[in-house]
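To start, I am sharing the structure in question, which I have written as structure tokens.
The first chain written gets the first letter, and so on, giving A, B, C, D, E and F; residue counts start at 1 in each chain.
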Amino acid sequence: MKDIYIADLAQFDEGKLFDGFFLVLAKQQRSTKTNKPYLNLILGDKTGQLECRIWEPSDPRIAKDFDKGDIVKARGCVSRFDDRLQMKIDQLRLALSAEVDKTDLLPSTTHDVAALWDELQASVESMTNADLKQLLTTILADPAVSVAYREAPAARQLHHAWLGGLLEHVVSLLNLADRVAVHYPLLDRDLLLTGVVLHDIGKVRELSWGIGFDYTVEGILLGHIQMGIDMVEKAIASQPNFPDRLRTLVLHLILSHHGKLEFGSPKLPMIPEAIVLNFVDDLDAKMQAVASEFEKSAREGKGPDELTGKVWSLDNRQLLNTKRWLGETKSAE
Amino acid sequence: MKDIYIADLAQFDEGKLFDGFFLVLAKQQRSTKTNKPYLNLILGDKTGQLECRIWEPSDPRIAKDFDKGDIVKARGCVSRFDDRLQMKIDQLRLALSAEVDKTDLLPSTTHDVAALWDELQASVESMTNADLKQLLTTILADPAVSVAYREAPAARQLHHAWLGGLLEHVVSLLNLADRVAVHYPLLDRDLLLTGVVLHDIGKVRELSWGIGFDYTVEGILLGHIQMGIDMVEKAIASQPNFPDRLRTLVLHLILSHHGKLEFGSPKLPMIPEAIVLNFVDDLDAKMQAVASEFEKSAREGKGPDELTGKVWSLDNRQLLNTKRWLGETKSAE
Amino acid sequence: MKDIYIADLAQFDEGKLFDGFFLVLAKQQRSTKTNKPYLNLILGDKTGQLECRIWEPSDPRIAKDFDKGDIVKARGCVSRFDDRLQMKIDQLRLALSAEVDKTDLLPSTTHDVAALWDELQASVESMTNADLKQLLTTILADPAVSVAYREAPAARQLHHAWLGGLLEHVVSLLNLADRVAVHYPLLDRDLLLTGVVLHDIGKVRELSWGIGFDYTVEGILLGHIQMGIDMVEKAIASQPNFPDRLRTLVLHLILSHHGKLEFGSPKLPMIPEAIVLNFVDDLDAKMQAVASEFEKSAREGKGPDELTGKVWSLDNRQLLNTKRWLGETKSAE
Amino acid sequence: MKDIYIADLAQFDEGKLFDGFFLVLAKQQRSTKTNKPYLNLILGDKTGQLECRIWEPSDPRIAKDFDKGDIVKARGCVSRFDDRLQMKIDQLRLALSAEVDKTDLLPSTTHDVAALWDELQASVESMTNADLKQLLTTILADPAVSVAYREAPAARQLHHAWLGGLLEHVVSLLNLADRVAVHYPLLDRDLLLTGVVLHDIGKVRELSWGIGFDYTVEGILLGHIQMGIDMVEKAIASQPNFPDRLRTLVLHLILSHHGKLEFGSPKLPMIPEAIVLNFVDDLDAKMQAVASEFEKSAREGKGPDELTGKVWSLDNRQLLNTKRWLGETKSAE
Amino acid sequence: MKDIYIADLAQFDEGKLFDGFFLVLAKQQRSTKTNKPYLNLILGDKTGQLECRIWEPSDPRIAKDFDKGDIVKARGCVSRFDDRLQMKIDQLRLALSAEVDKTDLLPSTTHDVAALWDELQASVESMTNADLKQLLTTILADPAVSVAYREAPAARQLHHAWLGGLLEHVVSLLNLADRVAVHYPLLDRDLLLTGVVLHDIGKVRELSWGIGFDYTVEGILLGHIQMGIDMVEKAIASQPNFPDRLRTLVLHLILSHHGKLEFGSPKLPMIPEAIVLNFVDDLDAKMQAVASEFEKSAREGKGPDELTGKVWSLDNRQLLNTKRWLGETKSAE
Amino acid sequence: MKDIYIADLAQFDEGKLFDGFFLVLAKQQRSTKTNKPYLNLILGDKTGQLECRIWEPSDPRIAKDFDKGDIVKARGCVSRFDDRLQMKIDQLRLALSAEVDKTDLLPSTTHDVAALWDELQASVESMTNADLKQLLTTILADPAVSVAYREAPAARQLHHAWLGGLLEHVVSLLNLADRVAVHYPLLDRDLLLTGVVLHDIGKVRELSWGIGFDYTVEGILLGHIQMGIDMVEKAIASQPNFPDRLRTLVLHLILSHHGKLEFGSPKLPMIPEAIVLNFVDDLDAKMQAVASEFEKSAREGKGPDELTGKVWSLDNRQLLNTKRWLGETKSAE
């Protein structure tokens, strides 16, 4: 169980010793001006990351066999240089797997993953189209998918992404899509929900989240749209008599969900369900960004009259938290 | 009561006489090659429009005093030229106001306007913010607005627009916005609903719908956003103690509802309610376009395997009616 | 054997009777102004298409059972209306399959398809990477693919496309890519040639060429990139031990060959071979367009000093035939 | 009267004590590595800004009650860190209002504001349209507007903006517009001049210039176009019988003066006066930018053969000072 | 002397014979349905153009030796087909050069060309920089240039262009540039005026105006910017000791006058004079377009309340004639 | 002969003295906090550049007469500040021209310049069009051009550019263009090769490479396209009877070789040779960029599984070195 987090270190007096478990995000050998070798590390946990120095790498208390991606136990103290925090380490060893919980080291959803998974299953259960229901059941029952779907972030950028982010996003979308499906009788609800569950499923392969969040080489060259199509094609191939037209529609939903060619969808949405999927996906991503920006502003101590900084993912616009500005109770945020 | 519509005339034998009430959309004097003057008219009703010729304009059975914008009773027969339908008119007089119902002459909503109006009022009634509620009540109680809001189309293009179109669109949006407001606790529901009711209110002045649908000169020079702001500013001025911040937010919702500068909004949405208003407005417009295209394809006798033509308002993409293609019951369309 | 072509009819005297085999591109029932039903057809062959009228559809000499897509033998004479040619038909029956050669009815390559196919096979044969060679051999040996690959046009637009167009384009590209591969030692020649052979293979399913050239519904919703990926994935699945990395690279070549997201490639070229494939594909398409425009100008009787019309596929620029302008021998064109 | 400016401090020896009046642009409490609290300030005046440290905030010679936006008298000395200038402060108190002149603390126009104001009034006086003249007179006579119009900067960015910048820009435009109005008889001179005087009037509310130059929250959400419209509408409402058409034209001039939707004008200029207003506004802004860049280059010691740096507001182009390059007298710059 | 113009023919009774001089804009041999050859011509004069038919080309009264570009005397009568005017010609011969005035056959400026030329010369005379003055004098004294500069249109499109259009545009610009030069002391007046006189001089070679207005082949391949540079370079080469720097600046003014790369200028304006030249050139072109549109609307009988049609060269916006709308005297238009 | 390079200094112990020849890229006088003057230099050679300090500029061992652009011999030692290398200089004098080889001080091609020049001459020799051959021979025989063509870089940016870069690029293009010319019989080989040799010839004047690589003022204002045209025009003028049409085509090739207006070509390629020239120029530039990025990644120690950083000149995409990833021999890179 981890009890010291990187976010806590800012309050530490210089020189005060502490112990902690961290993920090694980078490791480089360097030399001082007098040509003495030292190690420069970046250590991280779910609350942030920190630059660290090991001035005596040959000290027997410093393990030799650790590398980028390992979890380590480190002892040292903080120092400040030009207002930037650093850490000086004098002891370091590999952590035992029983000692740490991975969710302490990478940011993760604040929701109960098991509950989210149940909601996802309930949505699938509520569908009436036997072929689509069977397709989703097959895919979600695949043990590799089932584990990864619960863990995968929804995107790579640290500030947008956390373990369980994909599942959290999909469950929010299922809920939202269900509300919209009732409003437009034109829509085939089962097809829309199938699109929601599968649209980003390729991300479980496009991204890796062992050491921070990153893209796999295959992910960069093929992308999660193509990788999701591949997973769905294989599941359909295993399902005798899956209707051809339904296959075409499901693949079209995945292909077109970014809504524009320049966003990487090779096809524009051409069926009502694809149009709606693109809208709710975009709206939910933007509303999450808005909520995150408001939290960030609050964390930074901004008052109700101050707008957020310019938000890159929202065309560099600034945002105002309406409820705070109007002086409503904070509980609603 | 009108019983012959322009859409019916295609089935008529050439030479068969008929009577009917029509709106004069255009009137031009021309001469034949032998320098004989004749009149060229465009007559319309809610089902379409038709080119007409009066070869003997000095015939006493042809009224002298009619002009563009009048409703007339005309007698004549159809002829065909190069596969195009024309009408030859031999009698024409101004209609009496008791003889015709304006909604026969311009396309109008298929919904019950009174019921839509009640839904709008109920939405306003459901709000808890006294200032906003009062503001909407004041505006909707203004007799001029109240009549115009029930009649105004939502846009000028004949294929997108009909009498009552604005009200129909707003009521659909209120319903949709209500569903989204529940999903995101961040949202101030009353503010969002206020935005829905007022975002297009300037259209009651930007557009004229006496003779076909058109823009007013002021509408072209100022636009419905500015004209709506003007109406709301006047209502707020009449309401003592309307909070300044609330005024700013309501005006911002109207200003930003097109979502992009290049779509004519001088400000991007910068509050959560404005982001959602722009999304639902856009989604509802697109879903209406989709439904209209599917109806048009069905009218044109296209089969379930044929996509629609390229839809200009949807980036020229073609659309497939999923439910028809999958062979589901037509009732759902 | 067909001996009367649509392009010949312009020289015919009005009223002169003739017989010919044609493809039915469209068939519509209409009525005259006096409500007499007649048939309006569009008949085509490889030289063009023509509007035709059957004024007496109940005549026993007019077959009842023909439809869009059929090949028919028709007898009639030409007439002119407003400088437009029409055909009046008084006899029409379904053609027997022995009577006609499909290549008379749709435009087709002027090259020898068998020779092109041999060149393609020789290119595959010249490769040294056993896995890629096996992959191409497997795909090209599939009887359905092998027939379709020889027939498919490279695109739908009539002026750009002809039977065998895909094969002709690929063989030209193999030749060109081979020259470029020698120039840049960085390039993996086998991978590049594999990309050339497979990049447009999905077109054998995206397009249909039974009746004119058109897109299939699946083709519109998924596109030839996705459909080609599907074909290649199935072939790889059948090939034990096909290296994973090679699979990723081959799929990446197909995905990225349009070179830009806005041209429908979901990924930009990120390996040297993909960059080159995109360039030579684009250059060869443009040089074909240039050659076609020069032929069209010559056909239209333009002199060497006249530029072509504005070419849509080349940003509406006009083109000048250098060699003709400089007075060089025409044989080179 | 202020006698030490921030721009002077670069020449100061380290350690030399001095006194001065400054504006507090920011104030933050921080701690040293040994957890000792200190204050970090940003102080500014019309020549620039500087980071300052108060290492002993509890010293009785340091006032407790000052905050961002206050004007203070500070005593201390400069130090340099990594080539960056800092100031160490050991005494600080609030300034008395009699001690300082606001124009010493924010950059301001080098022109005589009273003279500019007279030019503006003379322009209004020269107009012949009684309604427009009355409108401008009303607005400029409003005490709040009249003070703010003389003080407001034309934009927020420090390098473009100074106290009196709006008035300076408008007077230059009046002069230029008058020259153009003579050249094109199509133009209604009074309407054009009215547009010049009012186009940016909303900036007196969009911007605040108490502490540096910044946007108000209302300014960010509504923008100066909307805020100017509001001011003009109120003035028109107070003017009985102001012609409706004139009102529409004046509002259109304000709405459209940015010239493009993507620059935040919800309407394109659609009358000759609006087209000209947009041109002269844009030209004058660019010529000011050019003059500023030439001054900056001269200040930085660049020779006549050196172009300016890349100018962001001019599409990142570099500029050459023609007259200097040709060796003409400097007096003309 | 020409006394019948194409614009007059619309009033003619069908069958009434008339004689007239016209320019042959196109000539094509065609055949009737019964294979009888006939000629199809397009004849034009400064008021418009008309399609004509010669049904008996072998008639001895029809000259054999005329071609596109010739001026002919034709006799015939008008006929109407489907509301389109045509002319049937029964006599035609080549005109003698003494019989016609070229300015009757192509649209031309309504100004006095000699007076415009004097204004141009006076502007040159007013310059103080001896090198620039000499350069302009040399170029304008070249007999070929001097004739062409007086005749050339400013652009190809018939509605924008007329004989003398280039000179008219340049003289307007000289006047306008002079007003702006006074306003900004930064500007080198002589350099700016030189840019005005030379910026479009390449048009005297890019365009041909013998038969309608068209581009030369060299004009299409090189453009008037390059062709103007060539003319100026030759003149400079003939002028000993022309300063290098001045040459660079003059060439830069020509190169950059379109203001944007995408408008065909290979360089952005980088000196103050080039920035101003681009602005005034653009403003004057737009103001001419506005005036033309207002004249066209008046000609078409539009009322003061009607906006113009969408103007292609002004981003498809519609325009309102302010003075007419406000009811001011028409004389000012 | 230079034996210490800047790239070597990173390995040096702090304080160890060394001597070396360097190019002075910048020289600035500054003062310490205690107002003591010192010199800040940037010295460079073909391997990079370094910031240097002369703390005792009045020391007699420090030359007084050196400036930006000079080559100097400097003695000193390295120091490190905040991980950045600096150099402290205690002796400095101007180098004698015999002491240094310019190619040691600026990056230069790794090819044999004489051999490249022979290849260029051989290409010219292989041409059959006497006029074009004569034109190229004339230009390349001009002593000033001939020297500069061998030295000029192909572009300014240090990572793309080196002495001899232009010649290296042209020879590669000649080779590539020759391969493509064979493939498309439509092409006039001599014209295409002429375009290759001349397209960038203006760079010998647009760029200066005496002190680092930079643009000349004339180069910035006119650009290499215009400057190349000027050189070619002068050569043509000296060649009696050079055909007009050939001149137009050669100039068009130079004008249009960037392929798009927004890339600075005032004309789009409108002849086949210009289309091909633009393609091969673009392809060769991109393949060079790819090769450079792969070398850079290898230098930085990236493994075969790591993609390059985002490449600015390739739309910020990352690249994968296929051959390394597949484990092929490194020799091919």
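The definition used in the following text is that contacts are C-beta pairs under 8 Å (C-beta built on N, C-alpha and C of every residue); 3 or more make two chains touch, one makes a residue touch a chain.
This is a predicted model, so every value here is computed, not measured.
J.: What chains, if any, are shared contacts of chain A and chain F?
T.: Joint contacts, listed by label: C, D.
J.: Matching over half of the contact pairs by residue number, can you pick out the copy of the A-F interface from E-F, B-D or B-C?
T.: Of the listed pairs E-F, B-D or B-C, the one copying the A-F interface is B-C.
J.: Do chain A and chain C face each other with the same patch, meaning over half of the contact numbers show up on both, or with different patches?
T.: On the two sides of the chain C and chain A interface, the residue numbers are mostly the same, over half being shared.
J.: Measuring from the mean C-alpha position of chain D to the mean C-alpha position of chain F, what distance in angstrom results?
T.: Here chain D and chain F have centroids separated by 44 Å.
J.: Using Cα averages as centroids, what's the distance between chain C and chain D in whole Å?
T.: 63
J.: I need the residues of chain C touching at least two other chains; which ones are they?
T.: In chain C, residues 82, 217, 220-221, 249, 270-271, 307, 318, 320, 325 touch at least two other chains, as defined above.
J.: Hey, how would you classify the chain contact layout here, line, ring, star, complete or other?
T.: Graph shape here is other: it fits none of the named patterns.
J.: Pairs of chains that touch, anyone?
T.: Taking the chains two at a time, the touching pairs are A-B, A-C, A-D, A-F, B-C, B-D, B-E, C-E, C-F, D-E, D-F, E-F.
J.: Note which residues of chain E are touching chain F in the complex, please.
T.: Interface residues on chain E, with respect to chain F: 217-218, 220-223, 225-226, 229-230, 233, 248-249, 251-252, 255, 261-267, 270-271.
J.: Flag every residue of chain E that touches chain C in the complex, lowest number first.
T.: Residues 32-35, 82, 217, 220-221 of chain E touch chain C in their complex.
J.: Over in the complex, which chain B residues touch chain A? Could you list them?
T.: 172, 175-176, 179-180, 182-186, 188, 191, 245-246, 249, 268-273, 275-276, 279, 282-283, 286-287, 290-291, 294, 307, 314-315, 317-323, 325-326, 328, 332-333
J.: Touching chain A in the complex: which residues of chain F?
T.: 13-14, 79-80, 83, 305, 307, 318, 320, 325
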